[in-house]
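Presented sequentially are two complexes of chain A, the first with chain B as partner and the second with chain C.
This part shows the complex of A and B:
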């Protein structure tokens, strides 16, 4: 072994424990899932001959496509909104805050409560006898509680934003924190006012953080199961609910597996597209 | 009516947590002048430069650029550009993008912009480097890009904060020449910060020497070297011998000073300063002005050779005179040799070369 190879090998050695865990908890189940998606199931009997039947079933039913696209749209909206809300917070902490650590700690406070409880909180806020309705009634703005607040895609987006926005603050903060303040001084020196400085220096240099935030939120949001179950209603159902149904009541594991694999593929593709798109857009800023 | 100086600062003061970093600074810079700020680390050079650039507001004082009071203007509204100590090259833009940055900000048309960027690349001898990324450049090349980026804006005044500090001696010397040449070519004023006195002496039309936030003296290099106005300036620029003494009287254009190890010495008054008898003064002389001879001469004293340092074209020699508490440093040119075995020389200080500084 040359020293360089030995050096690299030692690096991989460090990865081994994590790799071993991942092999059992990630790779094996994923492989099984992939296999299942090419199998068929008749009652309790699983037919392990390889076929594309499950994928054909997905394509033939526009209901799947609807839920699928709705999931991606909801997740995209939630991620973008979370980023828009988180960016100013991250900017403040990186450039203006004195007690940075304290602010970062405050940002993580929502995580001190379980995600489930936070979703329930939104039910309490948006529900029939909820905070908003009580308020409206007390002000005599409505006679009977309004019902359009809960059990729809908007409620899902709202809850997802609240749940995931803190995840956006951290990567954006890290990328902003790395920006050398003298670059902003140089931009001012060369004639840029504060707004131009932001769009020409700060934004392109923090794009990696924005992309990280998007990926970090978009992936789990697309596959979120709890939120649509609790606040989504029939019109707010997402792909995870559908997948869960296949493994549960519908008892069609190959179809569930095919849906999961399709989702993974679509989300990965979209993340790559979004990341390259954002990076290219940033590099076009001059 | 004569035109106003390009830059004038008056009573400029900046404090950080009540500690002054720049105190009551004032000077003017003329059009086309190469003006240096020289002083030890931490004396407030960068702070003064940042005040002029508009990056920090002064606590007191006024800044005029071309006769206009710009004290409260933000940097983007001052006709001044800066070459930062750290270069501050934009990492997300290529070399051409960096140089064009300020032109885009002004809204210069694409064709004109391109022309000026090409011109600037030529000026810094980096033609063809336009598409390079900053991380593909050497330190010296990056420094030149920072210079070009500021120069294409055609500012009235260019501020440079130790731009050659990160370069090795060889590159620094060639960049000094190049920088001076560029400055003459484009004809704009430079406010150049350095803590290297040789660099300042070699490049500047005039130099402001700073210490502890104060401007001690503003003068051309020769005056600073030959007639420093204070002990601090004299010791910061070049090597200097200092002796303490007491004024015992005056003799026409000279005052007579009593130096412990040299006896009485007439020293030219050097300006209108009035030194009353009894005043404690510092007498200073450059090593190369001290004359040495193997035989006694009128007014000379015996100096025992303490050390000789060979410096190539000359030797530096330290001699102990009288009680020997304060050694005298002198320079021995190569052609003047010391007889082997000699352990003493006769030291004299020509009156015309002696400086009188108030303590």
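This part shows the complex of A and C:
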């Protein structure tokens, strides 16, 4: 055995436990999920003959399509808004802040508190006797508490923006940090004003961070279960609520599996499209 | 710095501070209501009390859930850090298929938790493995591994491989080189990976929700209380305690990482 081959063999051997764990906890379950989506269930009996029944059931019920589209729209809005709100902060930390480390730490700390309780906090803010209503009443702007704040898709979007904020700030910060300052100086020397310089140099060069942020927020946001359950109300339910229901009350695992597979397929496709689109837009800038 | 430029920096800083306010205000409601003398979590506040903290300390069910979460978090973080170490050790030394392995270990990041949760539930059911803390730990391995591997990879990439060559040239074998050279150099990364993985596991609700069976973890317990809110103030007291503890943990983790070459928070490495 040559040294290179021996080195590689040792490497593969050392990787085996980690890869075995990933195979058992991720690849095998996802493979089984895919298989399950082609099976059917009659009471407690699972029929393993392959059919498209579950997918046909999804297609035939416009309710599923509605919740699917709503989930994707809510997640897309939340990720885009989170990116737009976070970009100036990332820019400030990367180019202007003195205590970068402190700023990054401050952005991440709220992220490490219980996700459930953070979502619940939004219920307290937007609720009937919540922060906003108390404020409005105290200022005598309304006579009775307003009820349109909570239990709707807007509340879900707002809560998701808050919940995934660090996923927007950090990747954008990393991509901005990598930009060679001499490129910015060159743009200024060649006569670009700060706004032009930003759109022609900084923004295109930070596009990888923007794309990473979008993917890191869009995927978990589409599949978020807690937020729509607590602040979404009937009109704010998302796909995860439907999937969970198939494994709970509705007890139709093949349908739940098909919904999950459709979700993965849809988010992957949209992420690839968004990333390609963003890259193309960035490369078009002259 | 010219006056105009100084003004711009101040504008950006003001916006950043507003943004932090948006991040912190909802979170800080939890400690506020944990001292509020009312079962209902709503305004107006009705007076200061410490009774939710003593109720929390006496709450047996919550204590069991907390200990379950601690057990799961410790097991999952130790195991995923060990596995992350093997990934970082191998992938920073050039091996055919490096990108493939790196991609595979990052894959759980791109699967929504709900999907990971139900597919693990299906697997455990098909294999007739009873649901328990053990199945939660298995699920958390998939959840934590990308974080552990990410933190450790960035740490391994930060040190000079020629130090290992020197050790080998001086006659140490591969194991002794690892223990005497590599390990001390990556120790801050290991600590950061343990803490990050622990926090990810400790905060997970969905995977545990599907896989815990009757062994309730803390988030699963909190979920029950959020929907039937008669013990909610106890949960807020606990949440505030956890907020304080995890802030201290994260500050320690970042401080440990910072002692090395990088000055970015652990999560940046992902």
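Here is the rule we go by: the second predicted complex is superposed on the first by the 269 of 286 C-alpha atoms of A that agree within 3 Å, B and C clash if a C-alpha of one lies under 4 Å from a C-alpha of the other, contacts with A are read in each partner's own complex, and residues count from 1 in each chain.
Here is the rule we use: a contact is a pair of C-beta atoms (placed from the backbone, for glycine too) under 8 Å apart; a residue touches a chain by one contact, two chains touch by 3 or more.
Computed from a predicted structure; not experimentally measured.
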> Following superposition onto chain A, is the placement of chain B relative to chain C best described as a clash or a fit?
Replying inline: fit
>> After the superposition on A, what does A:146 contact: first (chain B), second (chain C), both or neither?
In response: neither
> More residues of chain A in touch with chain C or with chain B?
Replying inline: C
> What angle, rounded to a multiple of 10°, is defined by the Cα centres of chain B, chain A and chain C, with the middle one as vertex?
Replying inline: 80
>> A:57 in the overlay: touching chain B, chain C, both, or neither? Say first, second, both or neither.
In response: neither
>> For A:186 in the superposed arrangement: first (chain B), second (chain C), both or neither?
In response: first
> Counting only touches as set out at the top, which of chain B and chain C does A:129 meet: first, second, both, neither?
Replying inline: second
>> For A:88, using the defined touch cut-off, is the partner it touches chain B, chain C, both, or neither? Pick first, second, both or neither.
In response: second
> Who does A:266 touch here: chain B (first), chain C (second), both, or neither?
Replying inline: neither
> Is A:245 contacted by the first partner chain B, the second partner chain C, both or neither?
Replying inline: neither
> After the two structures are laid over each other on chain A, how near do the C-alpha atoms of chain B and chain C get, in Å?
Replying inline: 8
>> If I apply the document's touch criterion, which positions on chain A are contacted by chain B in one structure and by chain C in the other?
In response: none
> Across the complex, what residues on chain A touch chain B?
Replying inline: 180, 182-183, 185-193, 196, 200-201, 204-205, 282-283, 286
> Where on chain C does chain A make contact in their complex?
Replying inline: 9, 12-13, 15-16, 19-20, 22-27, 29-30, 33, 40-44, 79, 83-84, 86-87, 89-90, 93, 95-96, 101, 104-105, 107-116, 118-123, 126, 138-139, 141-142, 145, 149, 199, 203, 205-206, 210, 219, 222-223, 226, 235-236, 239, 242-243, 246-247, 249-251, 254, 258, 263-265, 267-268
> For the complex, which residues does chain B have touching chain A?
Replying inline: 53-55, 74-76, 80-82, 84, 86, 88, 90-93, 97, 100-102, 104-106, 149-150, 153
>> Applying the document's contact rule, which stretches of chain A touch chain C when the two form their complex?
In response: 7-8, 11-12, 14-15, 17-19, 21-22, 24-26, 28-30, 32-33, 36, 85-86, 88-89, 91-93, 96-97, 100-101, 103-118, 120-122, 124-125, 127-131, 133-134, 162, 165-166, 170, 173-174, 215-216, 219-220, 222-226, 230, 240, 243-244, 247, 253, 256-257, 260, 263-264, 267-268
